[in-house]
Structure formats: C-alpha cells, structure tokens
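Consider the two complexes below, in which subunit A is the common component and subunit B and subunit C are the respective partners.
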Partner chain A sequence: MSAVFAAPRDVVSLRNFLWWILRAAILGALAFVIFGPLFNMLIWTVAERWYFPHTLPIDYGFSYWGRVFSPRGNALQSLVASISIALFTVAGSLALAIPAGYALARLKLPLRSLVLLAFLLPQAFPNLPVYVNIARLFYEIGLNGTVLGVVLVHVTHGLVYAVWIASAAFSAVDRDLELAARNLGASGLKAFADVTLPLAAPGLMASAIFVFLESLDEFTGSYFVGAPDVTTLPLLLYSAGAGGNYQIASITALLLLVPSIAFMLVVEKFLRADVLAKVGQ
Partner chain B sequence: MTDDAYLNLRGIDAGYSRTRVLEGIDLSIGKGEFVALLGASGCGKTTLLRTIAGFALPSAGSIQVGDRDVTRLPPDKRGMAMVFQSYALWPHMTAARNIGYGLRLKGWRREAIAARVAEMEALLGLEGLGARKPSELSGGQRQRVALGRALAVDPDILLLDEPLSNLDARIRLTVRHEIRALQQRLGITTIHVTHDREEAMVMADRIVILDKGRIAQLGTPQAIYTRPASAFVAAFMGAENVVHLDAICSGQRVDIAAGPLFRAASLLLDQPAPASGRLEARFRSERLHLRRLDEISPEDGNAIELIGRVEAVVYPGGEWRHTVRIGDGSVLVDGTEALPPGTEVIVRVPTNGLFLFASPVDAPTGTPPSATDEPSPVRERLTA
Partner chain C sequence: MARLLGPLLVSPALIIILLLFMLPLAASVIGAFEVEAAYGLGNFTKAYDFSTQDIVFTAVIVGLSALLTGLLAIAIGGYLTLGENPTAVAILRWLYRWPMFIPFIVVGQILRTFLAKSGLLNSTLIALGLIDPLSATSYLDWRGVVIAFVWKQTPFVALMVAGAMASLDRGTIEAARNLGASRLRILVEIIVPQVTTTLLVGLVLSFVTMMGVLSVPLMINAQAPTMITADIAFRLSTYRDYGVANALGLISLAISGVAAWFYLRVNMRQGR
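Then we have the complex of A and B:
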C-alpha cells in the first residue's frame, strides 16, 4: 500500500527538482550574458600576455595601467575632457530643461505632448546622418573640433532626458504648495525658488545624472564634431579597440564604467516612484 | 449691501474654458465678520474662495478690499491668507519655518520672527513641535500649523478652504469652536468654505448658500434655518420630507382642501404665502406630532395633518424615528413613543416647521411623492 502512495510523491518531487534546474539554468545563462563580458573585460585590464589558444592570460600585471596613465597615454587628458564636457552639458541641459520642464508641467499648453515628443526627434532619426550634417555645419561656422561644439551636440542629445524628467519632477510638486507661498506674499519667482525648486530638486538631480552619464558615454557625435582635436574617453576607447589593444581598451572602459555604476545607484535613490509615474505625461 | 462692508464682490463670473462655475456673485462682508460659504460639492464655493484669493481671475466683476480694487492683483499683493484643505504645508521646511515664512518675506528680523512663531505656537498649542517636519505631525497638528502660518502674517482677510474636512470627527467638533473663538478674539474678517451645514451654523455670523454657481440664500444661520428662501435651501438645511398638495392662498393664508392623504386645513403663515396652486411642502423630521388615526387631537388648527401608515421604526438615539408611508411616498417622523409598523397614523406638521414653495412645473401631479425613499439629488450631492 505504501508504495502506491509513495509513487505520486516521488513524481511531484522530481517535477519540483526539474523545475528548479530549469530556473537555475535560465538565471545562470542570463547572469553569464550580463556579467561574462564584464568579467572578460576585468581580466583584460590585468592581462600582460593573452593569446589563442590559452583560456586564461599567460602573465598578469599592471604595466598597461602605467601606460594608460603615463603623460603620453592621453587617458588622463581624455578623462578631464570627458568630465568637463559632461559637466558643461549638464549645466546647458538644466538651464534649458528647468524653465521648459516647469512650463510643460504647469501651464496647460495645448500641444503639450507634441512638445514632449519633439524632444525625442534627435533620437528618432538615425544618428550618423544627423551628426555628419551637424559636423558639416559646425565646420563652416568654426565649431568643429571645439569643446563648445561637442557640448552643443551632447546637449541636444541629453535634453530629452532632462526635459522629460524635469517636467515629471515639477508635475509631482502640488500646485497648492506654490500658491500657499504666493498667498503669503511671495512673488512668482520667489515661490519657485523657495518651494518648487527645492521640492523638485531630487528629480532634477536625477535628470542631471542621466545627462552626465549620457554625455560621458556619447561616441558618434563626439567623433564627428570633436575628433581629432577633442578626445573623449569613448574616442580613446575606440582607437585603442580598433588598434587591437584590448588592455588599453578595457582599462578605459573600466574608467567609464565606474562613474556610471556609482551614479546609477544615486539615481535609484533620487528618482522616487511619484516622479517616475509622471515621466512623459 | 452695507456701507461699512470691508470685502465687496460685485457681479463675479468665473469658470474654466467653457463651463461657467460662478455667475453674478454679489457679496459684501463686514470687517471682522465670519462668513461661511456653504454648498454641495461642485457648487462653486471653492472656486469663489480661490477667486477672492487671486489664484484665479474672474471673467467679469470686481473684488474690493476696503477702498482698494484687488480684482486684477496677483495673490501676493492682496493681504489675504488662506488655509488650504490639504493644508499645503511645505514638506521640506520645519513647522516653525512654515509658520515664519510669511514674516521672512516681509523682511522681519530673525529674532522678531522667532518671537512671533513662538507666540503662534503658544496660541495654537504647538509648543515644542516647531522643529518637526510636517510629515512628523498628526493631522490636527498640521491643521494648526497651517492656521498658524496664515495667522502669523496678521492678514486682513483669512480664507479657510474646508480646513476641518481632513480631521477626525471628534477633533473636528472642538476645532470648530477653537477657530471661532480665535477669530472673534483676533477680529479677523474670515471666509470659511464648507459643505457641512452644522459646521457653518456654529461657526459663522452669516451663511452664504451656493447652488450651481449662484447665491441661493444669504443670511444669519437662524434666518436660513427657519426661513429658507427656496426648496433647495430648505432641503439643504435638513427639511428633506416632501409632500405635494394643492392650496388656495391669499396674503398669509393658505387653505387646503381635505383629500385622501391630508385633512382640510387653514393655515396662517407669518410670511406671505406662495401663489395658489400646486405647492411643495417641506419639513424636518423633528418637532412633528405623530398620533394614531383614531386619537383626537387637542391642538388648534394651525398645522397640516397627513394621513399615513407606519412602515418602520428605528431608534437612532433621542426619539424614535418612524418611516411613515403617505400615498406613494414616505416621510421620516420623530416621536417620543414608538408606534408599531402597520399603525394608521396622523402626522401633524405645525406651520412654524413647514416650508411652502410653489411646486416646480415638472413635479408629478396626483398623489404626493416624497424624497425619503427615492435618492434625493441634494442628498446624493452631499454624500458625493
């Protein structure tokens, strides 16, 4: 009798076991797809010699780090260029996104969603022809190869994040909070500075970080407008990778990765659900 | 319109795009007066308050404070302070900074602001809470911080937008009296928006009843309660029992012929009667006399007597509440003694509790309908 009852239990536990195996396999594959290349990159940064058919590097060491950070390595110079371009881009984008986002959030603009959509346009067209034409235009007015030129390209690119998130951040601030300040004698600008801006600050901070990261990462525009006079980290990474120098490419990529990951953690803290819910509305 | 009016509204129209929310509002409020704007949701009372505060501009009409025309002034130039329904406290400032904000705008010195804030905290029982953020305060405390923020600037006019509606029922009752006492002590001209009839009655010197963007009636609580100007006001003030009857009126006399549902009566009102014809009679469930059909009444004839049958009786506290069927409709009648369901009864409505209005043209003819069974539009709007 007991065998009759035991059989279905075994089937159930076997099914559970197989289900477990399946889930573990899917999750493992996913983890490999995400972390495998990253891990490969990490190994490359400390590999001295590594060629086929060896599964792992033959020698480990930090000599390429020295080359990257040597005065002739251009890495520090590109890092400074990249970060200053990103900071200028953030400043430019926010200067436009704060008034634009506020207007989109507060004023009942008739074509509100159309305006929001318009900021997506630079993303909608294929990047290459757009940037080639911008480069041509900038060349004629002498902006090609200048930091300002690269910043302008990055601002058009980052504006979509900046405006969308800023508009969501301002929408999340209750209008009555502003009116309460107006009511007690604050001018429109004063109420904005004392109430609206501090309350929208976390959202604006998040949009600034997004713009910063986008600018740090941007390649196509920087390449056509900036190279060879302005070298950003992605450009350096490109030339190193194209030249088959995987060590330098990996170290540069790691440099790019550190601020990205650090800021993503910060953004996650700043972007509250109520702001996210209003993005694009 | 009195000559010593402090706040004068003349012919105010307001609305959003196509819909008109307010139409031709004329209102004068004396200095130090407490006026309640009372109405169901959607009647325009909050729009009127926001128009006075300057958050919305009227499409027509003028607003005057003293001899100053403020119609087109921005809200910060009006000398008014508002307590919002949501309190609208700034979450990034402490309670003390919220209260002191208006004074900071006026350029007061730091010590002067601290002294005034301390004074407000003492006045409102907020001692020791100044360092807390609004999120760390209870509903009642937030409400008092909002009140303190408005009072700190010593406004010419205090605007209250349903400030009690977010409080617990028990706290609300005490806060009503606290706000009223404070207003009288400080002598601030106050406009209070509410949908709560009792709240308006106990707090205000005068009540403005708004219906669909117009003033339905304006008067002291007692005047509005005892002499409602229209069937709407009567219903809003609790006279929800309705009976339709035919009457011949002349001057202050109303003669009602006997019918299957009411006995013949000849009433003498203390005010002019409506025109002869079909009338809508409204009355509250209190202060009626309920007796068995076969009992003889010793009372005089200045009352209408309705014939009906008890359908249900409940005890809500105080008196027994009977549902009495009269023809197709039914009315609620309070009585000291419980009469069992099925009893044939007479409901006696004395003239001093009876409000007669000309029946609206679309009112059904024949047997008297009533508001108690069917969903009444007024009641629906009240609970909405």
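Then we have the complex of A and C:
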C-alpha cells in the first residue's frame, strides 16, 4: 500500500490497490450479509424495548433470559423435551444403524446399493406430505402428541446419517485386525466388540452428533406429530416469534445455534478423511 | 446362516423406513385421489381452485432461489480455485460456510429481524447513506423467502462445487492462464463445464430441500401468495382437509420430480 502513495503514477500498483479495495469491499459485504442477521439476533436477546423507528433498542437488559430460564417458564421445559428427544433419537438410530452399517460394510448383502439408497429416501423427497400422513396414522394409534411419536419421526429422518456414516466407519477399519483377533481365538462377536467397534467409535460418534443436531433442529415433523402436546425448542421459537415475542424467539434461536456452531468447529476431529471418503459407497 | 446374517442385521432399520416413510408416502399418494370413500380428481380441482397462484409462486420462488444459489456457489468456488491473494482466499474459505450449519427455523427467525423495516439491513443502508430513511421498506415478502433460501443453501452447494473444482487438473488451467486467458473466462469456459454434474446434484438436493421447508414461508411470508408447504399446514390446521393437503403434497412432489428429471436428462446427455 505504501508503494501506491510513494509512486502514485505507477499504474501497476494503482491497479493492485484498486483490486485490494474491491476485494475488501466484497468480502466486507459478504461478512455483513452472513453475520449481520446473527448480530441482529444477538441484539434482540438483550433488548428490553425496541420498536420502529428506533435503529437500536431503547433499553437493554437480561429480563427475558430470566423468563426463559425461570423454573416455571415453558422454555426450560422445551429445552428438556428437546434434549431428551434428541438423546432418545440418537440411541434409537445407533441401535438400528450399528448392525445395519456393519452388514453394509462387511457382510454379503443382496441389492446392497438399493438398500443404501433406501435410507436416503426420507431426505430426497419434500417431507411435508409424509409427515402429514404419519400424523394421521399416529393419531389413530395414539402416538400423536407423544415423545415416542416425535422420536420415531426423527429416527426415520436421521437414519441416513447414522447408517451411511456407520457403514463408512466400519469400512475404514482394517479388516486384518479383525482377522488377527479371530486367529487368536476370539469369537466373531468378541472380535467385533473388542476390535471393530472401538476402532469405528470416532465415526460412530460423528454420526451420533449429526443425528442429535438433526433431531434438535427438526421443525416440520415435530410440528405435525408433536404439537401442541410436545413442545420442542424449534416449536417454542416458532410460537414465540408468531406471537411477536422476538426476545424469547431470539434467545431460543441462540440456544439452538450454539451446539450447531460448536459442532462445525470440531467435526473434522471426528470425521476423518478416510471415513469421509467412504460415505455413501 | 452366514448368508442370512447380513439381511437380518439390516432389516430392523429397513422396516423403520418402510413403515414410517414408504407407507405414509403411499398413503399420501392414495389419499390425494380419495374423495369421500371413492376415487377421483376432486381434491386436485379444489387444490387448483384454492392454490393455483401459490403453486406457481412456489415453483418460481424455488427455481429462482436455486438459480441464484448456483451462481453464487460458482462465484465462491471459482474464487477459492483461482483467487491469487492467499489472504482473501483464506478469509472467504472461513467465511462462506457459516450458514450451512444454521437450522432453517433459526434462519427464519434471524432473517425476519434482519430484513424487517427497522432491521439491521435497513439501518445499515441508511447509516451508509445508500437509501433514505423514508423509503426504507420491509423485505418480508417473496424477496425474504428467496434471500433466506439462498442464504442457507449457498454454502452447501459451494462446498460441493469447490470440492469438485479443487480436484480438477490444474494443468489446463495453468496453460490457459499462460496463454493470457482472463480468470473469468477460465472459470466460465474451462472450470464450470467440468463441474456441471456436481453443481446440478447440489442444486437438485437444494431444490428438494427448499420445496419441503415449512418454517421459512411461515415465518417470513405468511401473507398470500405463499408457498405450498404453508398451504398444506393451513388446510390441515383449519379444515382438517387431508384430501386437498395430500393433493397439494403430490403436486409439490411432482415439481421436485421435474427438477430431478431435468438433472437426470442433463446428466445422461453428458454421459453420452
């Protein structure tokens, strides 16, 4: 930059300087577009009073935080409901995905690629018509408005991550290590429990986190199957926002954001490149 | 026994998909044609009467969002591949992914505040002197829905496209560069044609995702015309009208089907 001012007639450095300005302007605009909405949400979480035409809140404070986390508030209840549903969903998905993933990675399976594809289906169609009819079905058998009903819907939706990543994690385990254990006299089940499973654990952990976040953030299925009896955080966010209470909605949004962002920062630790390369194969 | 073990281990997970996805999907297709215990097209004529405007609106909004997402993804991927300033490339790489990990329901909420008449977007534009305070309007209509979709889906498509671009042969690019081709020309004429398949996969997946999102249209654009998803929710919550809801669902599946068909056609033409 100093070169520009030292030799203003130098056309090359003037061009470089203009490029530099252009790059900074575009990246700055992009940063504003990406972080602006997030910053706007953060302001709302500490705004006591804020209405048009004021550019910024009139009063700041944490009174809405107190309301969200008060023992009688329904936010705390939604938080507990969301987290327990997500944990049940992870347990259910892994219980289904570990055997299925192992079979897909290691055993002889007729129509293997078709089976793999079947788990993708719930993500490959617009889900709304399906949820509508699940809700109708659940209504008849008394599962509508129950935690179990919501968990089942989330499991179905999350299975593609669970099964595909579990299968990739098992494929990435060196087969010779299993064979060595078998040669030393371990039974098939013992070799699986003592050798294969621990080696696949980071990949399985990644799939568990994926499923957890999918469940935590899921709105449409919970809206049809759970509401109004089961209130998860996304449903609370929606109803608070619809009622014009942007403070509660923004605090809830922040609560949903933190785990997602934290996961983004650590995902590469769990999902190694050799596992990632085998996803969907 | 060993032959049966594989299918046996997979079957519980498959049964869940069968019972909780395939069965309801079939029920939605059948339900769309069910008119008071008989079969017919009554639900579709009703859906047509109530919602033609919304069906067109949905197709246009999602199509436009997919187009803008594709263009931005190419721009981001292209700069990551061809950018000559390492700092700018590093900043962009760090920056563009953030929205991907933010759930739609949160996207709806934060953009509802950001794009509102007194939101941060307008206040910033006013502070910069780009618009005058009296002409500030809310963007919470079809524009808001498009902005929300593009904001959320661009990182995902850009990630796929940038990955495909990174694995291209650098030789051709360097050769074209040495012959004096501009970076824009290299991007349009050499790089993009080679990553079309990846780009289309990403766009079709985004298209299907956007067709199914309920929270964004409910939160950003609740007034008419709105999207099919919001219509379905409304028909159910207000009239418990499963027939028309299923007909609308089938129409949204058909629109997604057209997108998937388009992708397959382009893909096969390339394979030939």
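We adopt the following convention: the second predicted complex is superposed on the first by the 266 of 281 C-alpha atoms of A that agree within 3 Å, B and C clash if a C-alpha of one lies under 4 Å from a C-alpha of the other, contacts with A are read in each partner's own complex, and residues count from 1 in each chain.
Going forward, contacts are C-beta pairs under 8 Å (C-beta built on N, C-alpha and C of every residue); 3 or more make two chains touch, one makes a residue touch a chain.
As the structure is a prediction and not an experimental result, all values here were calculated from the model.
In this superposed model built on subunit A, subunit B and subunit C occupy separate space and fit side by side.
Touch criterion met: A:198 reaches subunit B, while subunit C stays clear of it. Of the two partner chains, subunit C is the only one touched by A:124; subunit B is not. Using the contact criterion defined above for the overlaid structures, shared-chain residue A:174 touches subunit B, although it does not reach subunit C.
By the document's definition of touching, neither partner reaches A:143: not subunit B, not subunit C. Taking the C-alpha centre of subunit A as the apex, the lines running to the C-alpha centres of subunit B and subunit C meet at 100 degrees, rounded to a multiple of 10.
Within the superposed three-chain model, A:250 lies in touch with subunit C and out of touch with subunit B [touch as defined at top].
In the superposition on chain A, A:208 makes contact with neither subunit B nor subunit C.
Between subunit B and subunit C, C contacts the larger number of subunit A residues. Between subunit B and subunit C, the smallest C-alpha to C-alpha distance in the superposed model amounts to 11 Å.
Per the touch definition, subunit A reaches subunit C in the complex via residues 23, 27, 30-41, 43-44, 51-56, 96-97, 99-100, 102-104, 107-110, 115, 118-119, 121-122, 124-134, 136-137, 152-153, 155-156, 159, 163, 216-217, 219-220, 223-224, 234, 237-238, 241-242, 246, 249-250, 253, 256-257, 260-261, 263-264. Per the touch definition, subunit C reaches subunit A in the complex via residues 2-3, 5-10, 12-14, 16-17, 20-25, 27-28, 31, 85, 88, 91-92, 95-114, 117-121, 123-124, 126-127, 133, 151, 205, 208, 211-215, 218-219, 229, 232-233, 236, 242, 245-246, 249-250, 252-253, 256.
Contact residues of subunit B toward subunit A in the complex are 53-55, 74-76, 80-82, 84, 86, 88-92, 101-102, 105-106, 149-150, 153. Remark: subunit A residues 174, 176-177, 179-188, 190, 194-195, 198-199 touch subunit B in the complex.
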